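These notes open a run of structures that come right after.
Heads up, the next two complexes both have subunit A, just with different partners, subunit B and then subunit C.
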Partner chain A sequence: MKESVRVRAFARFRELFGGTIEMDLPWPATVRSVIRELEKINPAGLAELVDNEGNLKKSVILMINRERIMGPAREDCPLRPGDEIAFYPPVAGG
Partner chain B sequence: MIQITGEDFDPGAFIEGARKRGTGAVVSFLGIVRDDGIERMEVEAFEEVARSDLSVIAGEAMEKFQVQHVDIIHRVGSLRVGENIVLIVVGAGHRKAAFLACEYIIDRIKEYVPIWKKEYANGESRWVRGDHAGEVTGKSERKKLVRQ
Partner chain C sequence: MTGERWPLTPRERERYERQIPLLGEEGQERLLHSSVCIAGAGGLGSPVAFYLAAAGIGRIRIIDSDRVSRSNLNRQIIHAEADIGRSKVDSAARRLEALNPDIEVDPRPLHLTEENVVNVVRGMNLVVDALDNYPARYILNRAACMHTVPLVHAAVNGYCGQVMAIIPRKTACLQCAIPHPPEETPPPVLGTTAGILGCIQANEAIRILLGEGTVMGDALHVWDGRAGTWDMIPVKRDPACRACGAGGKG
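Then we have the complex of A and B:
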């Protein structure tokens, strides 16, 4: 079974993976499932998003439905159909 | 007023708008594209989240420093040297609270709100380094400059 989520990427990550990606994922899915799909889009670019162990770099901000997801195991956060998952690098506004 | 806009704005109009009964001080901060040898910059935002974050920060400043009025206007899009990037206007009974609130707001914007800048010069571009990971993970890794 597959379900859809919407992935959004900003700034450098938008350039690497695209701004908005409608993704069909094998279900049940976690944030890690999204990372695997992003690797298919840009295998070389993934190194800017994850560390050598495949976990999101600490500098990467992850949001699900516009809520910041914190904690060491945030890649294992389960997804619900229709979720909006956003990735962005450290901010530099103002 | 909290606004993320592709249009320029008139700082004077916002400063005038901050006057209320009981206002004794209006402090403003205007961020401008500096001539660091660049031709222009692109400002990008996760607009829905940025707008919401700016509202929260304005509310925090009003409560923390007991100020009466806060405007935050942030541009997005392509900006040339000398153009306005961000305006913060704080109205308060006394100057100290207005200064402190204004500084608090710009500091919080720089460390938390999803907005990024990319600078263009001599056919090259680079993302302005963000030193903060939005206070999500504590220490942040410094993002390396990307040249294209």
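Then we have the complex of A and C:
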């Protein structure tokens, strides 16, 4: 079974993966399923989103339905059909 | 506020003639009696300093430990070719005094540390984060929270940037928003990106100084100069925050 979610990538992630992506995911799905799909879109770009273990980089902001998801196991957060998952990499320059 | 008035001089009335209808004479007087610290005289600090000086912020303290190099000049528009080798704060102070000799500029060629940040922030009505690294930003943010001084943060990378206003005890602080800093590699930056974000910082600074508040609290406002979009990343105050919450005590 598949269900769809909407993924929004901001700033640098928009350049790497596209701005708004309608995604069909094998169900049940977690944030990890989204990361796997993003890898298909841009395998090289994935290194900016995840660390060597395949977890989201700590600095990356993750939101589901505009609610910030914090904590160590946020990649395992389960999704519901129609969820909006957003990624933003804070910037540092001045 | 005591409701005290400081009447404008004829020269000030003329200089600020086009914005007084917007701010009122009282608003202009308020700006002229405000002190703002700009931390960083680089890409963001340049437009922030120019616009705050032009608007008549009475006292501008500007902090930076660097010297001007040629590779700064694509974005750090307060400095010029002839300033290469000069301390950035001295270069900035000259330019600001040329723009508006009626305000006081206080250049401080120092590197922000836990030890000196108190003296930098104390007595200021507002602080602007125009820094280029998170360790220094966190030091500034914590001091602003501790001394209840409003802080306007921004950061840039390439065509993108983020801005957020922090009103201590009311809104989320920088560390609530970004508890884990991104990696520090000198990012590519276009001058216009720093210009856009810096102008917004100056705009919010002026509105906060006027007592109008800010619409940039409790969210990172994210500019994407390729897509031409603004997005909002909502942020909540973290009760356990190490800078503004319980995590910083004891």
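As a working rule, the second predicted complex is superposed on the first by the 90 of 94 C-alpha atoms of A that agree within 3 Å, B and C clash if a C-alpha of one lies under 4 Å from a C-alpha of the other, contacts with A are read in each partner's own complex, and residues count from 1 in each chain.
Definition applied: contacts are C-beta pairs under 8 Å (C-beta built on N, C-alpha and C of every residue); 3 or more make two chains touch, one makes a residue touch a chain.
Predicted model only: the values in this text are computed from it and were never measured.
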| item | value |
| --- | --- |
| Three-chain arrangement built on subunit A, subunit B and subunit C clash or fit | clash |
| First (subunit B), second (subunit C), both or neither touched by A:P89 | both |
| Contacts of A:F10 with subunit B and subunit C, given as first, second, both or neither | both |
| Contacts of A:P43 with subunit B and subunit C, given as first, second, both or neither | neither |
| Colliding region between subunit B and subunit C, picked from 113-121, 149-157 or 239-247 after the shared-chain fit | 149-157 |
| Footprint overlap on subunit A, where subunit B in one structure and subunit C in the other make contact | 10-12, 14, 57-59, 61, 63, 66, 68, 70, 86, 88-94 |
| Contact footprint of subunit C on subunit A as seen in their complex | 10-12, 14-15, 19, 57-59, 61, 63, 66-68, 70, 86, 88-94 |
| Of subunit A, residues touching subunit B in the complex | 8, 10-12, 14, 57-63, 66, 68-70, 86, 88-94 |
| Residues of subunit B defined as touching subunit A within the complex | 31, 43-46, 48-50, 52, 74, 85-86, 106, 109-118, 127-134, 136-143, 146 |
| Complex contact set, residues of subunit C against subunit A | 40, 42-45, 130-134, 154-158, 160-162, 177-184, 186-187, 189, 194, 220, 222, 224, 226-227, 231, 233-236 |
